[in-house]
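I've put the structures underneath this note.
There are two complexes below, and they share chain A, which is joined by chain B in the first and by chain C in the second.
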Partner chain A sequence: MQIYVCVKHVPDSAANIHILGNTQIDEKVAFLLNPYDEHAVTEAAVLKKTVPDSDIIAVCMGKKDAEKTIRSAMAMGADRGLVVETDAVCDSMTTARALHAAIVQDGSPDIIFTGKESIDSEGMQTLFRIGALFDFPVVTNAVSLEIKSGKAVVTCELAGGRTRTFQLALPCVLGAGRGLNTPNYPTFPDVVKARKKPIQTISLDSLGIPPGPGSAKIVALEPLIQKRRPKKILGTPAEQAKEIIRILQQDAKVIS
Partner chain B sequence: MKQAGIYIEMENNRVKDTSLGMITLAARADVFLYALVLDGVDDSTRQNLAEYGINTIVDMPLADDPQIRRNPAVRAGAIADAARELKLDTIFGLSTAEGKDIIPRVAAMMDVPLVMDCLDVNLEKNIARTSQYSGKVMADIQLTGSVIIFGIRPNAVQPVPAPAQAQTITLTLDTTVPANLSLLSWDDGEDGGRISLAEADIIIAGGRGLKNKENFSLIFECAGKMNAAVGASRVAVDEGWVPYACQVGQTGEKVSPQVYIACGISGSIQHFAGMKTAKMIIAVNKDENAAIMAHCDYHVQGDLFEILPELIKQL
Partner chain C sequence: MNKKYDAIIIGAGVIGTPIAFELCKMGYKTLNVDKLPDAGEGSTAGSCAIVRAHYSTEDGVALAYEGFKYWLDWENYLGNVTDEKGMAKYMNTGSILLKSEGHDWRKVQKNYDAVGVKYIEWDLDTIKKHVPPIDLHKFWPVRRPEDPKFFDEPTEMLEGAIFCPEGGYVNDPALSAHNIMRAAEAKGGEFMFNAEVVDIRSENGKVTGITLKDGTQIDAGIVVNVGGPHSFKINQMAEGVWEGCNIKTKSLRHEVMYCPSPEDYDYLNDGYHMSDGDIGCYVRPEVGNLFLIGSEDPDCDPQEWVDPDEFYAGKGGHGRDNVLTDEQWKAQCYRLGKRIPTLQVPNQPKGVVDLYDCSDDWIPVYDKSDLDGFYMAIGTSGNQYKNAPVVGRMMAELIDACEKGLDHDKEPFQYEFKYTKRTLNVGFFSRKREINYDSSFSVNG
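== the complex of A and B ==
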């Protein structure tokens, strides 16, 4: 099987984000593999155990530095990497076109894994666009996967403990959710081995992607600052509970 | 004038309040509003949608067969078809769990731009406001295209009545289930699913301070009494005390309830990423120095094993 995993190089969720100018962030912070993509790579590695001849290819679009995220994916089980290099900030329509073109140029996927969303731009849509460009079926927030007689049987989680189980024809695109597995965090030997695995770099320009019929452009970024001034609720537990109930009834008006 | 279609989510044959909020948001601009309803339109639905400002209700009922009605690809196809048929230039949907599985499909099928999880939309300029980078940044994103789509965070805007004379039209849809994506089964959880986190007015959430799975019953009991949804920090889901679906935060649900009650949650940056847009935050914590105590509206220092039973008793 050819298993592609689309990964993203994102700022660490604990990093302080500073805004430069009006539309960019200061990128001098730690970047790492998008957390949901860890589940995607791990699931690809699990699948490879049952289909031993498989080739797992991690694909990432970004600046040169994105190679680090490909190395992380390799330490977690990807066999080789593909970087679509660009300094431009691309919207998901362009990103999906680029990832699609790079994958088509490289091989023919049986499964494409992604995380269900990225934690930086939180767009939640690139996987669906990749699916549409390939005309492959897509599901998101997958929490279990089984390949049965050439089809993928995937359970996806909705809110409130609800689930849906789908059957997808292969090839397909699967968006990994947190419940899918426990990420395969690499050991030191895994990291060393990953350094020797091959990475191919393609420039975005060389893919010759025509502009899409629309665009999404960041026109302003501003820090979201909390302006809350905590008031203390004092007293015995019974008095504190009473005051909470009064606030819910009279101030927030959410209970009667 | 803009022609906007609002994909209406229903629950128990009623229009969800969060869908009405979306109408209020869209109606701020000079716009002709269509309600796209896939689950049947009865009189109360018609009145409800008209009361909040819909101009035309588009009744496009899907077959009762769950294989059709519950298939997100079928639902997305229906919305895309309606958009083409009605020559819509703007589509709104909710960023609920269902919406996240439907709205991006519509954008992908039509190959048009989309912003999910919008907290606000300026329809004059086609700019959506959404949070990025773990809720640390607010981004204004401008969309261009023949059709543009906005996925609205539930509760981002409270519904305000604005009565309109709504007419109803029926669209007949070609609803073939795609051969490559079929629904095998579904599980609506206990009681047809608890109150969904994203749409709840009140969320009561527990974290490390709950100590174990058994103690989480205090949170559930309290939630039951105040009709709240149950949330949890990452620790609580990783420990298996509650399902992943309860997680609020960076890698969980992003919520904007009226009130968020955090019990035994220290308030990491990653947790705040999921709940900082709550209108009111009440933090119950033993540790006065926990991060959440400085970033809440009400700071309740004390033992949650004493305060929660008191709440349950008094509610």
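== the complex of A and C ==
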């Protein structure tokens, strides 16, 4: 089986993000493997255990630095990596076309994993666009996967925690959700092994992808300024606990 | 009329609170002022709260070992005070010092013998029996993952370890300072929070009080600088104090990581505190079955000296602000990953970034100053948490002796340890000392 995992090199969500020139962030912060993609890579490695001759290829589009994210994916189980290198900030149409072209040039996918979204742009489009370019079925927020009789049986989580189970013909595109697995983080020996795995770098220009029929670009980025109104909760520990429960139920409405 | 106290202590961390507690017990009317909202919320909260005795100097070992006795007897030490937040707990895991080139362990062992610290020597089989997932290869010298040699296969083995059964850590360092605050209050001590000091007032070479940012003036004939990473700024506010110190302090950025323990190892309940100079790390268990991974500041790692106000405001950019860096996350976790090969390292860094109040020779300054009535307990360099209760008592006695006429600079105060009955020459911690080259010049002290 050829298993492709599309991964993204994203800023650490814990970083102090500063906006430069209204349309981009200051990239002098830590970048790492998109957290949803960790579930995608982990699931690919799980699948490989059931289909031993499989080849897991991590694919990433980004700047040269994106190679670090490919190394992370390889430490978590990918066998080799493909970097589509570009300094440009691409919309999901271009990204999907580039990833599609890189995969076609490389081989013949039986299954393509992605994360259900990237935590930086949160577009949730690229996986559907890849599916459309291949003409493969796509489901997202997958929380379980089983390959049965040459089909993928996938349960997806919908809004409110409901689930729906699909049977998909292979090849297909699956967007991994948090419920799919616990990421299998690498040990130091895994990191050592990943250093020896091959990465192929392709420039975006060399793929010669035709321009998309439309485009989307960021014209303004506004940071979220959180207004905090701290309030001291007084009383005995029991009274404080009661007040916290009241706030969570009535004000924040996060528990019933 | 300005409010008046016998002593104002600037800072309510784990060193400032016991100084107040001990001065109160001696009859002084004290006030602690702190710019943060509660006791222990500053760099104390970021402390790893390790309680171990291995130091590079005999006095350092003696002071730490005296400290053990306080932590082992925490409730009694605090006069069985109640704290509505609960009591900090001493987790007496025992402390492993791996014999390696990263520590002058022979000197430590000599100091242990001189002070009478209880310890057992462990061979490799014994270490393995106590720490099943450990790999005891020698990985020295400490390198960074950016260096290709970091990944070289080890060929030699370590020699063994020195195990100190009384060592361990305190489970909640901020809470421990809060506990001491409650004990000080029970003896009449007062605390003022959200109060930033902007001036130390003095007249005719004698301290007279402090001025807060909102203009409030508070008077006292004794002012003690326990400002942690802000200590050098506080010293600069007091006439002639900064200039009168041969040993200066500055704040050093430091990252500590939290990495999950391997699933088949209950590190939280079965683990030990361990100092591993061979990989430049120290570790202790943390809630959630995590490894807390600190760095022993190997020479290959960058040192970032920062302005504490800028740092805590999140300024300074990558590697200088209060956010963990991917580079240091990998350095510390992968170093431990060599020692614990089944340790799984997440991609996103998790941990604490805080500041050391670091002195020129990494040994603290516990002293008077060139301004009468102004004292300092500073330069704790990331390694004095464990000594806090002893330092509280020692500083209170030093202050009392100086106020009663002792010229500590000429005739250094001799502090008698309550438990171990040794006498410590407090002049060892003098601001006027020459740099102590016996120091490890690291967090090891």
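Rule of thumb we're sticking to: the second predicted complex is superposed on the first by the 226 of 256 C-alpha atoms of A that agree within 3 Å, B and C clash if a C-alpha of one lies under 4 Å from a C-alpha of the other, contacts with A are read in each partner's own complex, and residues count from 1 in each chain.
Throughout what follows, a contact is a pair of C-beta atoms (placed from the backbone, for glycine too) under 8 Å apart; a residue touches a chain by one contact, two chains touch by 3 or more.
Here the structure is a predicted model, which is why all the values come from computation and not from measurement.
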item	value
Chain B versus chain C as contact partner of A:Pro183, first or second or both or neither	second
Partner chain(s) touched by A:Gln105 [first = chain B, second = chain C, both, neither]	neither
Which of chain B and chain C A:Ser72 touches, first, second, both or neither	second
Touching partner for A:Gln125 - first (chain B), second (chain C), both, neither	first
Contacts of A:Val192 with chain B and chain C, given as first, second, both or neither	second
Touched partner set for A:Thr50, first chain B, second chain C, both or neither	neither
First, second, both or neither for A:Ser206, with chain B first and chain C second	neither
Broader residue contact with chain A after superposition on the shared chain, chain B or chain C	B
First, second, both or neither for A:Gln249, with chain B first and chain C second	neither
First, second, both or neither for A:Pro35, with chain B first and chain C second	both
Chain A positions touched by chain B in one structure and by chain C in the second	13-14, 16, 35, 237
List of chain A residues in touch with chain B within their complex	11, 13-14, 16-17, 19, 25, 35-36, 91-93, 96, 119-125, 127-129, 131-132, 136-141, 143, 153, 156-169, 172, 177-179, 212-224, 226, 228-234, 237-238, 240-242, 244-245, 247-248, 251-252, 254-255
Complex interface listing, chain B residues touching chain A	70, 73, 96-98, 100-101, 104-105, 107-109, 111-117, 127, 130-148, 151, 178-190, 193-199, 201-202, 226-227, 229, 237, 243-245, 247, 250-254, 258-259, 261, 268-270, 272-273, 276, 279-283, 293-303, 306-307, 310-311, 313-315
Partner chain A, residues of chain C touching it in the complex	84, 151, 260, 314, 317-318, 321, 323-326, 329, 334, 337-338, 341-349
Contacting residues of chain A [partner chain C, same complex]	12-16, 28-33, 35, 38, 72, 183-189, 191-192, 195, 236-237
